[in-house]
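Below are two complexes that have chain A in common, paired first with chain B and then with chain C.
On to the complex of A and B.
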């Protein structure tokens, strides 16, 4: 049946090891979260401080891109094993997304 | 084997979300949906960018004069925190700690509902100022983009609540572990879209 799985009862040592590894991973997620908050703060501060738009726009877009990479690779575990097809799907989606935005933004210029 | 097979933390697989064929299929199918959603939102972002500040001559509202950053900042922090709380929920799911997972999902739902409440307040405020959906090409593009995201938040909240209630007495097993995992992926994706909304719509809108 579709829900079948092999039941493997882990030894105490194996269990403790996985648990410890997971707790370490969770600490990593907390660090990722701190970085995301920090990036958001920089973006909002830059706009409120009123720097030149030519300076702000590329920087806030870069900060957004970094935040999305952190979200996808760490919070959504795309950096984990068995995410090859997932990455293929997402990069195809992002490629079509990029073309769509490029097309509609340039059409209104001409 | 019974789908309601009981597990202990020792017998719980390391990756319960993809331990069964059902889970593997759900996992790959759901990521395909997220890739398609990326394109959906891209078309809405493209429409917004093309129509930003465009409309009938003499229109009253422009992005630079309309948006209020303090509210958007609060919404951003709330949604970002709810993303972390759903990571905590999945951490406990992988440790087979059902109660802790439910508690963190509950916090995620509360934060998500606060976000949605603030968004409704924001839209209501704009409409009262006279910035309605049919006001200009700009207003339609704005409400469609941000409103579609809001609808995703509402769907994500309903999904979490339905899962929490349906499985309240069942506990964690191979039947529902993939379901909880996918709902949390969806929630992260909602935050990914919001990162671009607060950057492209609000921050770049305020600069002009």
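On to the complex of A and C.
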């Protein structure tokens, strides 16, 4: 059977490469983390500053959407290899949910 | 688990099917139970046509009539058409992509048993205080006003069988994404696999809204939740939205696999590569997408306002474009082909004009102002029967002939097949063509009788005669099945002689482990390519012969579903208040379900291996029975 274990010894070059890769990834994580904190701050400030609700609601929703995308791509590794189909189906689902909610809001509840 | 053929007793065979996780046997289960529900739905249709055969008939009472049309529609859509298509998907799709089985064989079995028990539950309503009677669309105000337990049977039964369908859909998606044989790129997948893929995606996205709707319905009926109760501040229109957000994709869940079956048939029996394969694939995907943007065309007369009506009318008309692309590609596949008019091909050729007629009336109904005239009339009944019977049911009959040898190892008689075809085809047009005119003459749908002075007598009588023709056609098919099984003349790998895709490179029926060695795919229509290169086997291999790991059968899916079935009765009677045993039944049922789930997660089941020696033995003996 194909279950025989396979031991792979990493060469020096491979080792350096992964190390560099990891460092880059780490930097990405930190940067997105900072951005996310910043976006959250904006949201809170807007609410406490007492702007009109018509301004706050759309902007907060937009910020939330950006946060979701950052979260998915940088922390949940959706940009990684082999995630194409998963991403595709997630976006299809979001698309259908969006249309549904849009229609119900505009037709039924408006 | 030796591979030597053995004669089994009746009980052993039943047990074998109850515990099987083999996609080919699950396909047979789907086919048999879907077939039985098809006969029940057909019987209900005959009762409807008898009642409407003459003016002022009192064969059925008004209340019974409502129950019968509701159960006819619900049974045909959820318990007959969809499961029979799932049968073909199960039987053929894993073979077409060269897979050992579906991705989750255990779940496959669970999906079937949930569907099965949901269907039985729904049909038991006949004997337990009345069937649902608010139409298959179950519009909320009507449903909430319905007395008796019919509607509760509907909501609970469809919830259970809906879980089953959802599981099947997810399973097929994972299978197609992950388990294609080496070389089988997406753009080399046979069209039936493609349509299975898109239909499964639609199942994944469309069933949740239905589940939510049914959930609200259960809460409204049983716990006075008022989601849809207008007098309490609810909104009855939301049910319509939820139902049709599911309902329109549902009609594509039915028609896309039908398109897939016909695509295979056109290529095989024209002995030509499909014309415009790429266009057919993209049209399929596009139809899947658009399917979610048109649901409100079922609600033009609700009063959504001119803007909403215009948007949904336009979106609906756009769907006709990819559908038209498909029709032309099929015609061009036949064009210049070396055509053989075997039974499946006859169905396929008859399908084109029938389905186009249904599509044209669909576009007519998409014109919102015109739909104010057509809505809720017999014109609508004619439209959806032209697409569902002229499309889906013809595909099911064609697929039964086409894949019977692959599923059972024998060929259905061509002669009887042609008799079935002609009776069914003539009967179909006789029944439904004339209903367009009944609709235009003002006959509303879902009425249990009409007056002799309304001028609808003759056309209704003709329509009823047509239904009789269809019934005769189906009976001939049953005779065909029985005779073929008694004769039991075994056939080889490629009984049609012109098979193009991988399922025709394996024995009929295939051994239970499918391909002994995973095939290597070198292009679209891989078996055809190999045959043209002089390779009689029809495939080359991607791996040397080796041991095969197989899953064990299990009774647990059956028990899980049985638990849900029992619990549903508890839920149904619990709220009567005067039945203290109902709570116990509910708890016992759920206990069985969760207990067996727990057992499954705690007990390791590592499956078994078929050794290389056994495989060689099999290949030598030519034993293909799969036991």
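Note that the second predicted complex is superposed on the first by the 95 of 110 C-alpha atoms of A that agree within 3 Å, B and C clash if a C-alpha of one lies under 4 Å from a C-alpha of the other, contacts with A are read in each partner's own complex, and residues count from 1 in each chain.
We adopt the following convention: a contact is a pair of C-beta atoms (placed from the backbone, for glycine too) under 8 Å apart; a residue touches a chain by one contact, two chains touch by 3 or more.
Keep in mind it's a predicted model, so treat the numbers as computed, not measured.
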item	value
Touched partner set for A:35, first chain B, second chain C, both or neither	neither
Touched partner set for A:59, first chain B, second chain C, both or neither	neither
Which of chain B and chain C A:104 touches, first, second, both or neither	both
Touching partner for A:92 - first (chain B), second (chain C), both, neither	both
Contacts of A:22 with chain B and chain C, given as first, second, both or neither	first
Larger contact residue set on chain A - chain B or chain C	B
Chain C-contacting residues of chain A that also contact chain B	1, 85, 89, 92-93, 96, 100, 103-104, 107-108
Of chain A, residues touching chain C in the complex	1, 85, 89, 92-93, 95-96, 99-100, 103-104, 106-108
Residues of chain B defined as touching chain A within the complex	1, 3, 5, 8-11, 13-14, 18-22, 25, 28, 31-32, 34-39, 41-43, 45-47, 49-51, 54, 69, 73, 76-77, 80, 83-84, 87-88, 91, 94-95, 174-175, 185, 188-189, 191-192, 195-196, 198-200, 203-204, 206-208
For the chain C and chain A complex, residues of the former touching the latter	173, 177, 201, 204-205, 209, 235, 237-238, 241, 245, 292-293, 296, 304-305, 308, 546-547, 549, 609
Chain A residues touching chain B - in the complex, by the definition given at the top	1-5, 7-10, 12, 15, 18-19, 22, 25-26, 29-30, 33, 36-37, 40, 43-44, 47-48, 53, 56-57, 60-61, 63-64, 67-68, 71-72, 75-76, 82, 85-86, 89-90, 92-94, 96-98, 100-101, 103-105, 107-108
